[in-house]
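A, B and C label the chains in the order they appear, each numbered from 1.
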Amino acid sequence: MAHLITLAFAAVIVLITALLVYQLWIHSALPRQRFGWRFLVTNAWDPVFENFGALPFIFGTLVTSAVSLILALPLGVGAAIFLAELAPPRISQRLAFVVELLAAVPSVILGLLGIFLLVPFLRTEVEPFLKSTLGFLPLFQGQLYGIGLLAASVILTIMIIPFIISISREVLLAVPVDQREAALALGATRWEATWRVVVPYAKTGIYGSIFLALARALGETMAVTMVIGNDPRISSSLFAPGYTIAAVIANEFTEATGNLYLQSLIELGLVLFLVTIIINALARLLIVVTTRQGTARP
Amino acid sequence: MGKVTEPEVIIGVPGYERTAEDAEKEARESGLKVAVNRLNFFYGPRQVLFDVSLRILERKITALIGPSGCGKSTFLRTLNRMHETVRGTRAEGEVLLDGRNIFEMDVVNLRRRVGMVFQKSNPFPKSIFENVAYGLKVNGTTRRVQVAEVVEKSLIRAALWDEVKDHLHKSAYALSGGQQQRLCIARALAIDPEVLLLDEPCSALDPIATAKIEELLFALIGSCTIIIVTHNMQQAARVADQTGFFLMGKLIEFNKTDIIFKNPARKETEDYITGRFG
Amino acid sequence: MNSRLGWRKFVNAFMLTLTGLCALLSVSVLLIVLGYLGWNGWQYLTWTFLTHLPAAVGETGGGMANAIIGSGKLLLVAAVTGIPTGLLGGIYLAEFGGKTFTFMVRYSADLLNGVPSIVMGIFAYTVVVLPMRHFSALAGGLALGIMLIPIVLRSTEDFLRAVPNPLREGALALGASKWKAIATIVIPASIRAIATGSLLALARVAGETAPLLFTSFNNQFWSHGFNQPTASLPVMIYEYAISPYPDWHRQAWAAGFILLMLVLIANVGARLILSRKSPALRG
């Protein structure tokens, strides 16, 4: 009897998942019929004339995620290498714990700090500096608002670094001890043993952590919408305001007039959902493969 | 008491319908507690027990010896159908308890009648009292006075009462290894089993703890049939009335302990006894 | 040869420092968050704030009492819907589970875990808000509850599996049925860890804002029962932070401080409890 009760609840989980996909699908029927695949490549978001296209949001989502990955990767992997290989174990554990706490900070609180601390800092210090030194690149031209794609990217960086660190640290710790010992026995310095032997061995898992961080960044809503400027335009400069899929859903869902408008937002949700699922699956595949390869170290 | 030399299969007398009650009566009259007929055991596709047949006499100690991996523990675990807790196992053949097939019985009832003590003691994360009382509570006895009585009686039978009577509510994990194993014996005895299966109960214990357990086994014979698996030949020689020698999944020889150790009929038995192989 | 070795040693020391700086930087972000929030939030944490309703737009004063209670309501609904499901599902996976069905359940749970929280809000909207035709704590709580499921499922399963098999066997050999063995031995042995895991999961969803934006929405006043739009701490923080009123900004800091403190205390507390393993789980 107990077998059946627990089975029923387990089945409920499967049902909820199926229902979720189903609901996203049927509640985006209107725009899918009206726009078809063009939805993904149309650069328009016009509630008045009922012309909706996902391109500005896909652009904003991709740019902020990409920049945040570029920033978070060296920082995160560097920190993970330090914690897993180079630091004494007690310091490593304590610091790793603190990093995990950062992952627990709610998005809206980081957004709060984003608005009142990060944005002014960017506007008065960082962006002028970038403009004066790298202003020949279109990336760093235009008006300095503080808010915009750069601010959103930095906030995303802060949010995904803990994931990259904790997963990379785990896969590095899972590399068999004898690999490192073999390198050291051949006269390598600790850094050389780490960089030339341990890290390549754990490469796949580190890629997995990147994918996971990417999936997280794509779906991030609150902190992003508080600092990105919420403007559905495609521009070449990081200083410009932008919009992401998650941010536009958050902002316009309750204001959407008319079914096509609302369902277009839901279709955006569906797109986000599918992309996130695929990336998560890839990430897990990569991570599982690596942590199975070696025996974990104590 | 029947003579037990060659393993033999019980053949029904033609023309005579044996009912379950008849079988039970016959078993009781001949002093036969457990009869195993042609037991074959499989882990998935791999066979580990081949045509094992033997007779366990009531209120005697039967020892099963043999080298590591010969199947004696697997055999023991079929006697209370514990093998069914692992996926992919299959037992074919007949195992009769008092003449009735255990595979047709209610398994919970079977395990009340046939208790088991494991190789490594596995007390529950509860107090000493709660450990011994567990079997009683699970099987329906709830009256506090009754439970307390049975707990005391079981701890006495397991030769542990004097050491724990003032600490019944301490955690079982506070006991030493040998004490924990005697606690597990008390726990098994609490539900008054007719058969007690012991799977290498002393392998993790020092000689003094081992001696204590062997002593209490002798005292239990009055009320219980004991089957003990051991890799320690001296132990079998010390305690058992009957001994069975397993090798590579087959029961090579089964006889009075004296005969097995002093005058074995099979060469493999003799080789093992004299230590020619582990 | 010597200069080459010297260079390698330099690189070694340099990289040690560089990666150490990366780690330090990552850690310092959390400290900056805590520090700034603590400094600003603590200042504005007044008794009025904790006990009053929000003031009218543009006026100063008022508080977030309704948001605090509202968050409590949402977490209650979430706990009631999500924790039992994850718990019983976890028991199924750890103790019963057949091959294909187990795979499906795990896969579904992983899928749910990866769903962006805003999409979860859309789901709750279509399933609860649309049929009811209004926002409610029920809808918001349900969104949070579904987010709880995969977390509770995974941690329950892990903790149940950590209970050593000999304990199960001991119970079964004494004539306990499979379910009795689970209920009287396995679950009690891991109950502390499971409860802590559920608490951690609750702390995780307590800070979620996106799924509430169009499910429980918001409310300037008290919401009665679970069928009305309900204020919550995260949503209030968001609304106040993006508003143009400095007084509301101050209140956002205070609310953020409360929220962060609760989340961090739950996390640190859970970690401490879990690191002290019960004797049964020690091999």
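Convention: a contact is a pair of C-beta atoms (placed from the backbone, for glycine too) under 8 Å apart; a residue touches a chain by one contact, two chains touch by 3 or more.
Just so it is clear, the structure is predicted and the values come from calculations on it, not from any experiment.
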Remaining chains grouped by touching, subunit B not included: one piece
Chain at maximum distance from subunit C, centres defined as averaged CA atoms: B
Innermost chain, taking as reference the mean of every protein Cα atom displayed: C
Chain pair showing more contacts of the two, A-C and B-C: A-C
Rounded Å distance between subunit A and subunit B, as computed from the means of their C-alpha atoms: 59
Length of the line joining the C-alpha centres of subunit A and subunit C, rounded to whole Å: 19
Chain centre separation (subunit B, subunit C; CA means) in Å: 50
Junction residues of subunit C, two or more chains touched: none
Per-residue multi-chain contacts in subunit A, two or more chains: none
In the complex with subunit C, residue positions of subunit A that touch it: 1-3, 5-14, 16-20, 23-24, 27, 74-76, 78-79, 81-83, 86-87, 95, 97-102, 104-113, 115-117, 158, 161-162, 165, 189-192, 195, 215, 218-222, 226, 246, 249-250, 253-254, 266, 269, 272-273, 276-277, 280, 284
Subunit C residues within the subunit B interface of the complex: 164, 166-177, 180, 184-185, 188-189, 278-280
In the complex, subunit B residues that touch subunit C: 80, 82, 85, 108-109, 111-112, 115-116, 118, 120, 122-125, 134-135, 138-139, 171, 173, 184, 187-188, 191
Residue ranges of subunit C touching subunit A (in the complex, touch as defined): 8-9, 11-12, 15-16, 18-23, 25-27, 29-30, 32-33, 36-37, 84-85, 87-89, 91-93, 95-96, 101, 104-105, 108-112, 114-119, 122-123, 125-127, 146, 149, 153, 178-179, 182-183, 203-204, 206-210, 213-214, 217, 234, 237-238, 241-242, 249, 252-253, 256, 259-260, 263-264, 267-268, 271
